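Following this message is one structure expressed as structure tokens.
In this document, chain identifiers A, B, C and D correspond to the written order of the chains, with residue numbering beginning at 1 in each.
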Amino acid sequence: MEYHISKIRLETMVDGIFAIAMTLLVLGITPPKPTGSQAQAILPGMVFDLFPEIFIFIIAFLILATFWLNHHRHFHFVRSVDSRLLWINIFLLISIVFIPFSTDVAGDYPEVQIAVLLFHTSILIVGLFFAYQISYISKSVHLCDPETDRNFLQSHYLRSMLIPCAALVAVIVSFVNPPVSLIVYIVIPVGLYFLIRSGS
Amino acid sequence: MEYHISKIRLETMVDGIFAIAMTLLVLGITPPKPTGSQAQAILPGMVFDLFPEIFIFIIAFLILATFWLNHHRHFHFVRSVDSRLLWINIFLLISIVFIPFSTDVAGDYPEVQIAVLLFHTSILIVGLFFAYQISYISKSVHLCDPETDRNFLQSHYLRSMLIPCAALVAVIVSFVNPPVSLIVYIVIPVGLYFLIRSGS
Amino acid sequence: MEYHISKIRLETMVDGIFAIAMTLLVLGITPPKPTGSQAQAILPGMVFDLFPEIFIFIIAFLILATFWLNHHRHFHFVRSVDSRLLWINIFLLISIVFIPFSTDVAGDYPEVQIAVLLFHTSILIVGLFFAYQISYISKSVHLCDPETDRNFLQSHYLRSMLIPCAALVAVIVSFVNPPVSLIVYIVIPVGLYFLIRSGS
Amino acid sequence: MEYHISKIRLETMVDGIFAIAMTLLVLGITPPKPTGSQAQAILPGMVFDLFPEIFIFIIAFLILATFWLNHHRHFHFVRSVDSRLLWINIFLLISIVFIPFSTDVAGDYPEVQIAVLLFHTSILIVGLFFAYQISYISKSVHLCDPETDRNFLQSHYLRSMLIPCAALVAVIVSFVNPPVSLIVYIVIPVGLYFLIRSGS
């Protein structure tokens, strides 16, 4: 009765918006524009001052790439898309598209708490939509491939929570030291990677 | 005699332009750029002042997402694309591409009537092209899947009119209170949703 | 011996770049940014002053859409892509990507000849690459579908010359009246359309 | 046990990001914005001053197009994507997305060494990731098509080193003459082309 959007069409839209959002991140790095005869002398210092902005650009790119991989892992089990899954994805995309903005602000003011909080909150919101999506997919037997491995899905759920958990820690750290809170996104995954490796 | 563009190629172009326009909406949110030593003190206020811009960004994203879904619903019945349907789509795309601009202006001046009118008009124009498209598709038996359900198409026509009608109401409301006119796009669909639910 | 890029991959790249260039045109429309308490009073005039910019935006969009259709018509006959055809396309894409820039300048200064000349020249260069492409395709029997209709290809060649010819006329007109030279792109195709209709 | 991303999905993401990065290059060309009554008189000079920026835009576009072709040549042999190849590609994409920024800076200050060094370094980093990718692909028999021609792969490796080598030469030249170092990217490939032609 209701015309449902195909899974492939939705994935194409999601991939397209991820690709554009990931590329727009670069517009957040403010190109230095010294004028007059002192350009030659000032520019080297201004280029070195870009490193915090470039660092946050790389962090945000890696986070978006991880979200994109998560989306693929989630949709690997999906056969058909219903209205609710469609709208979860649209809200997911709004929060994805917002990240180049929050990255821009955090890159300009990494030492100001409100700026990095805006960044952490935007990551947290994407993470919560992803958590909701995977929990909805795992509950919706009618949307999934009948051969879906439930344990596998469960492990994806835990994986999907990695970035929102890092964002939560980053929020707390930002009250102590705003710039350091941005490093949390690197420390937690790398730490976990070595923990898992040493454990196995 | 005439080489017609394939339906798939046209849909890919339409999907691509929708994805880019939806992502470019974020460039309309002006990043706060306080300078000097007072950045720390001023930035929190500037971030909270962003909320009207972020609200309009979300509204515009939801409207574009709905238009994209409508386009898919319309093209679900189409088998081949003739010259007129092609050019309807090109004018549709021009009006879609214009929306990040009108959203930017409305987000910067939500309290000025001309700014929100520019936004409402741009939505209205997209809506009218969509209404023309669905009426052309429903009249063009030679372009459609022979098994097209006419009643179904009719119901899509009514659905497609939802946003242009909301835009018309928003135009009227903007004469009384410009910022409130932006909320119309939320009130009407949500209102209708509950009306339909309580009726069924 | 040489690995040739597939036709489909190249077309996807071409379609993607066309979609992005067509959407980036909107960034050329400068959003009015009045400040202070007089915003309410000044904005209406500033919005009406946007009309020349919006007009050039629409012209440029229609030209790019026509170029995109031409590209599809050209590649309809192509079976495989050799090195030369690949590099023709790369230079074609450079000139396509340049158009949002020349449109931006022409939209800001429609009454200054150098600005509109930059626009006309950028259109002319795309047109010349297209003319070279179609003439190369029609000469390269080994790249084409064996059932290619030569007369049909010839008619496409003439069609492809429509916009470069309009650009040439526009260059001449720009010496007399720069803003009027932008209307040439509308007058010539619409005029030809009615000429052909009345003749058949 | 591990869900691997499909080769096609990854290629689509790579193609999308290349297309967007190549198109965003145009935003690096700063549109001249003279104000007041002297616009008419100043604009011609400002347009001619754009030529260095347009030249670097073309160089960067050609480099990105060559990288894109290299990527296709590399992935031609690949059958499946493992975790490492995936992450090589994500870091490759970060460095690709950074190029519109470094091109913008180099285009604004072609006579300042630090600006052109930023450009050369960004090209060099992409080149090194590509070199690592092709060496990883050629070592990973389990990821490749069993019919992969090893000599062929070797020749691709040499080809892939062309741009990083040009970038290295450009770094050296930039210590002598920054603007000339940008021409290296043209001189080396064109020189090699004629050398190979005269040799065969």
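Just so we're on the same page, contacts are C-beta pairs under 8 Å (C-beta built on N, C-alpha and C of every residue); 3 or more make two chains touch, one makes a residue touch a chain.
The model shown is predicted, which means the values in this text are computed figures rather than measured ones.
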| item | value |
| --- | --- |
| Homomeric contact chain A-chain B: same or different residue positions, threshold half | different |
| Farthest chain (mean CA position) relative to chain A | C |
| Inter-chain centre distance, chain A versus chain C - centres from mean C-alpha coordinates, in Å | 36 |
| Chain centre separation (chain A, chain D; CA means) in Å | 26 |
| Shared-contact residues (touching 2 or more other chains) in chain D | 16, 20, 27 |
| Topology of the chain contact graph, where touching chains are joined (line, ring, star, complete, other) | ring |
| Touch list for chain C against partner chain D, complex | 3, 5, 9, 12-13, 16-17, 20-21, 24, 27, 86, 90, 93-94, 97-98, 100-101, 104-105, 108-109, 111-112, 114-115, 118 |
| Residue ranges of chain D touching chain C (in the complex, touch as defined) | 15-16, 18-20, 22-23, 25-27, 29, 31-33, 39-40, 43-44, 47, 54, 57-58, 61-62, 65, 68-69, 72-73, 76, 152 |
